[in-house]
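The structure under discussion appears below in the form of structure tokens.
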Amino acid sequence: MADASNDPVWSWPEERWRAMIGRVRAGRPLKPKKWKGGARAAMALSFNLTGEIGAVAGGGGITALSEGHYGARRGLHRLMGLLKQQAIPATVFVPAVAAILYVEEIKAILAGGHELGLHGWIGEESLALSAEAERDLVSGARDALEKIAGLKPVGIRAPGWSFSDNSAAVARGLGLLYDSSLMADDEPYDLTAGGEATGLIEIPVSRQRDDSTFFAPGSGAPAAPEAVFDIFRRELEMAYEEGGLFQLTLHPHLVGVRSRIWIVEELLKIARTLPGLWCATHADVALWCKGRAGG
Amino acid sequence: MADASNDPVWSWPEERWRAMIGRVRAGRPLKPKKWKGGARAAMALSFNLTGEIGAVAGGGGITALSEGHYGARRGLHRLMGLLKQQAIPATVFVPAVAAILYVEEIKAILAGGHELGLHGWIGEESLALSAEAERDLVSGARDALEKIAGLKPVGIRAPGWSFSDNSAAVARGLGLLYDSSLMADDEPYDLTAGGEATGLIEIPVSRQRDDSTFFAPGSGAPAAPEAVFDIFRRELEMAYEEGGLFQLTLHPHLVGVRSRIWIVEELLKIARTLPGLWCATHADVALWCKGRAGG
Amino acid sequence: MADASNDPVWSWPEERWRAMIGRVRAGRPLKPKKWKGGARAAMALSFNLTGEIGAVAGGGGITALSEGHYGARRGLHRLMGLLKQQAIPATVFVPAVAAILYVEEIKAILAGGHELGLHGWIGEESLALSAEAERDLVSGARDALEKIAGLKPVGIRAPGWSFSDNSAAVARGLGLLYDSSLMADDEPYDLTAGGEATGLIEIPVSRQRDDSTFFAPGSGAPAAPEAVFDIFRRELEMAYEEGGLFQLTLHPHLVGVRSRIWIVEELLKIARTLPGLWCATHADVALWCKGRAGG
Amino acid sequence: MADASNDPVWSWPEERWRAMIGRVRAGRPLKPKKWKGGARAAMALSFNLTGEIGAVAGGGGITALSEGHYGARRGLHRLMGLLKQQAIPATVFVPAVAAILYVEEIKAILAGGHELGLHGWIGEESLALSAEAERDLVSGARDALEKIAGLKPVGIRAPGWSFSDNSAAVARGLGLLYDSSLMADDEPYDLTAGGEATGLIEIPVSRQRDDSTFFAPGSGAPAAPEAVFDIFRRELEMAYEEGGLFQLTLHPHLVGVRSRIWIVEELLKIARTLPGLWCATHADVALWCKGRAGG
């Protein structure tokens, strides 16, 4: 929270709400004139591989733990198989604890040519942490991933989208290239803090391009798979039409089940029919956009 | 709240619940025999452009702020482009703070021939305010919009539908022509207070004709875009058949995304095929209906 | 509540949970061999006309009041028009306060050949009332409806399905023929209390045959109208196939809007194509079934 | 709960979260090379028959009790009729109290060749119980079912998926063959505790293959029946394609209504067209898989 006082917002002077909004904000748009290799549009798939850590944070219920296990035991393999079939790379954001639990899976992901991204330590609530505590957890996660993967991640996705006031500085302090947790645009942009460029590139996510919006257990029935396919397809097709980026976030335990995996299969088939669609990792996209703002 | 005592409603005498119901109520129906230019039916589109103010009121989470930013940075431009393509005017209800944040966008809206409507100061909860506090906020908002736009708004939509016991008097005190926050009919009507006409015309909204009913993040999955298009289309077609008004409320950050914007595109195409459909701003409709009750 | 002690249910002796279950329970099935006039199956439509009383009980918010007003001002007329067109009778359950607010509408309902049923006084929570208080409210509601309508209702639907431990005795004490608030079957049945027949016939409702299940505002998006039509159609068709009763509950402010009213129109058209479908009020059905158990 | 201390999970040492995850976990996969009789794939249907016990635990509301009654009075018979028509066996998990309430129905289930499984005593929250209390309730339930059915159940499903730290030991202590409450895989697996095989086989359930995910009353509208059919069909077809197990959980009061029962009818018809699909009870599947891991 930027502000602890209890005055209602409608009593605030302009500088106060301006300051709140300006802490971290989308800056210069980074959509390039052409994508790598002269491509017309780009597709960047990502998976959040969280395994049992959500259930651990939620108190350790055995049924919930088993549901988290499903993602790594079944869902991930289905997803990886489809990517291999179509020779499409992806970025896997993984909390350190899930990486430690699933070392073999992580190695297989890397062997498949995919990118590994940071996703915190164990689902920590960054908003409740001091800058030091957040930095220590992310830094520890970076070390853990490096130890397992033999390389340093260059990107991060805030656990549970809990991008804090310190997250940008923590990411820059670790020399990261990009973040992928915010939603101000469909296209990559410069992340600013207090009006100044942070040097960090944002590869924005969105609720519409995230399977958890439609399938995460909670109140109410999950969405019909046909409707979700339709949404993802439209997002892809309009991104292509605009010459922009189609970014997608998937969760192996949600979309990796038998009645939903076809959504990804059909989507990848459509992607393969679109001439000039560059299929890239989030890091590839961030590197390409860096400094190419406006082409 | 009209009544602070805790007696259960089933112990109330008739005058008490009659008084509660009669504070503000739909009066004389104002559906005209013919719409402007002899048109058979009318269409009045509106957008609520709230930018980051929902996120500010909600505590200033950075991800939420970025989602609000999307509406003004991306969604609004898609919507304005479609309206321009079909030469259809709309009314944009904007809280003062969002107008201050997005001055250039407001100017472009006005240059496009659209109407600007009041939408409170910063998402204040009018139900929790004194009459004076509500009046000061709305009056301040009116001044802010006038300064940016160079003209005085003539209509208001209560922030978050929080139409208070004082809202009608506040609107009349500022000389406004119409309100657009209530739901007692599909057609415009006279707004009464205590059984007396307030002089204010209501351009009613409805849950069915509001994208936030289907797409606002919350518990449960959002609706399928196909289903929402179907609902909006049916509302338009039956309004046309009845010779009435089709009023619609949209939010740039919700319907302005790639997988949903087609809903508006298709709807406008249908509107363009309907002979004798008058496409107007909310102010146009209110002015036409004023004093033409029953034609 | 039948039991105020806090022992967890798994510590209860058999007589205790048996007593709780047996207070009020479905008894002898009353599906007749043939319906009136030798009909093959029966259809009994009902509307709950609550006007503004839900909003009054909910604190009197002006927007909520206006939404309740819509049902009586717009939705009801659309529904009554469709019934007239197809010459199909219905039962309108109305709280006394709504009848007092909408006297002309009630008279028009009766003139149209429809049945008027009790629906409490003003949405009271019967579960929180003493037997005397519940009886006084229902008895007062009966008197109010008799005064307006010139005839005594013979059936009741508990406000908000809050059928209490006293509701059966209250209904019998007023000489009522039937209740329509419970869900133990698709077909009418004898209502028992403590294992003994109460003399009251139950015309059961169900969540699947109630528009509020799909359209009542709350958390999450409302259902797609196409899906609701499909559900109602299947309920009707299978009832017909089984030679049973198709009972339906509608709310004018929910299904009476432009994008949903077609559901009722199409359903009535289908009903009209089914040979030997008896379209009756709830009272007609209860009278026919009384004493005809098993034909 | 495995851990009562309040340290946030991100402060935990590795051994602590490893211990939490390892208490009960999926072990060796038990998908056989071939299913019984050389079958290519297997289908195991289950019903949770809970009658009024959910309503009893929830306070004994009369409307809720009647809704529970519907399952045993109507829904169950529709389901049993479809199974008989297609000669397909199922497993019925029943809490002891529901079995005592519905003795005739239980006998008819057994006469139809179906399996009877344990489902606790009366919806107890196992997570809140001591090991002794849980064992006493399950042991009492086993005795009650044995008395009614004349045979000992060999499998259990935790009431409300509340699989506790003691559930595996309780099940083994009663000599049970399998549990069916967890979700770590689509295929049967060995259940381990602290890394050691418990001797118990898990026949996993899933949210996607459970009608309550889509139809249980709660916040929001229930799913469209067409969408649920589509999901179950895809789960079945992909299980068949993978040569695996299609397990399904249904509730008579949810799927047994007129507008939904067709889902089961159509699904069984499809199952009957798939050559080499072994239709079996959960016990059959567990027995076949036991010791056949990897064929």
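Each chain gets a letter, A, B, C and D, in the order it is written, and its residues are counted from 1.
Heads up, the rule we're going with is that a residue touches a chain if its C-beta (ideal position, glycine included) is under 8 Å from a C-beta of that chain, and two chains touch if they have at least 3 such contacts.
Everything quoted here is computed from the prediction, not taken from an experiment.
Between chain A and chain B, the superposing rotation on Cα atoms measures out at 90°, rounded to the nearest 5.
Taken over every residue number at the interface, the positions common to chain B and chain C amount to under half, indicating a different-residue contact. Of all the chains, the one whose CA centre sits at the greatest distance from that of chain B is D. Set against one another, B-D and A-D show the most C-beta pairs in contact at A-D. Centre-to-centre, using mean CA coordinates, chain A is 35 Å away from chain D.
Centroids built from CA atoms put chain D at 49 Å from chain B.
Counting only residues that touch two or more partner chains, chain A has 219-222, 224, 227. Of all the residues in chain B, the ones that touch chain A in their complex are 52-53, 56-57, 59-63, 65-67, 69-70, 73-74, 97, 100-101, 121-125, 137, 217, 219-222, 224-227, 257-262.
Within the complex formed with chain D, the chain B residues making contact are 219-220. The part of chain B that touches chain C in the complex is made up of residues 1-3, 8-10, 12, 14, 17, 20-21, 23-26, 127, 158, 161-165, 167, 181-186, 204, 206-208, 213-215, 218-224, 227, 230-232, 234-235, 238-239, 242.
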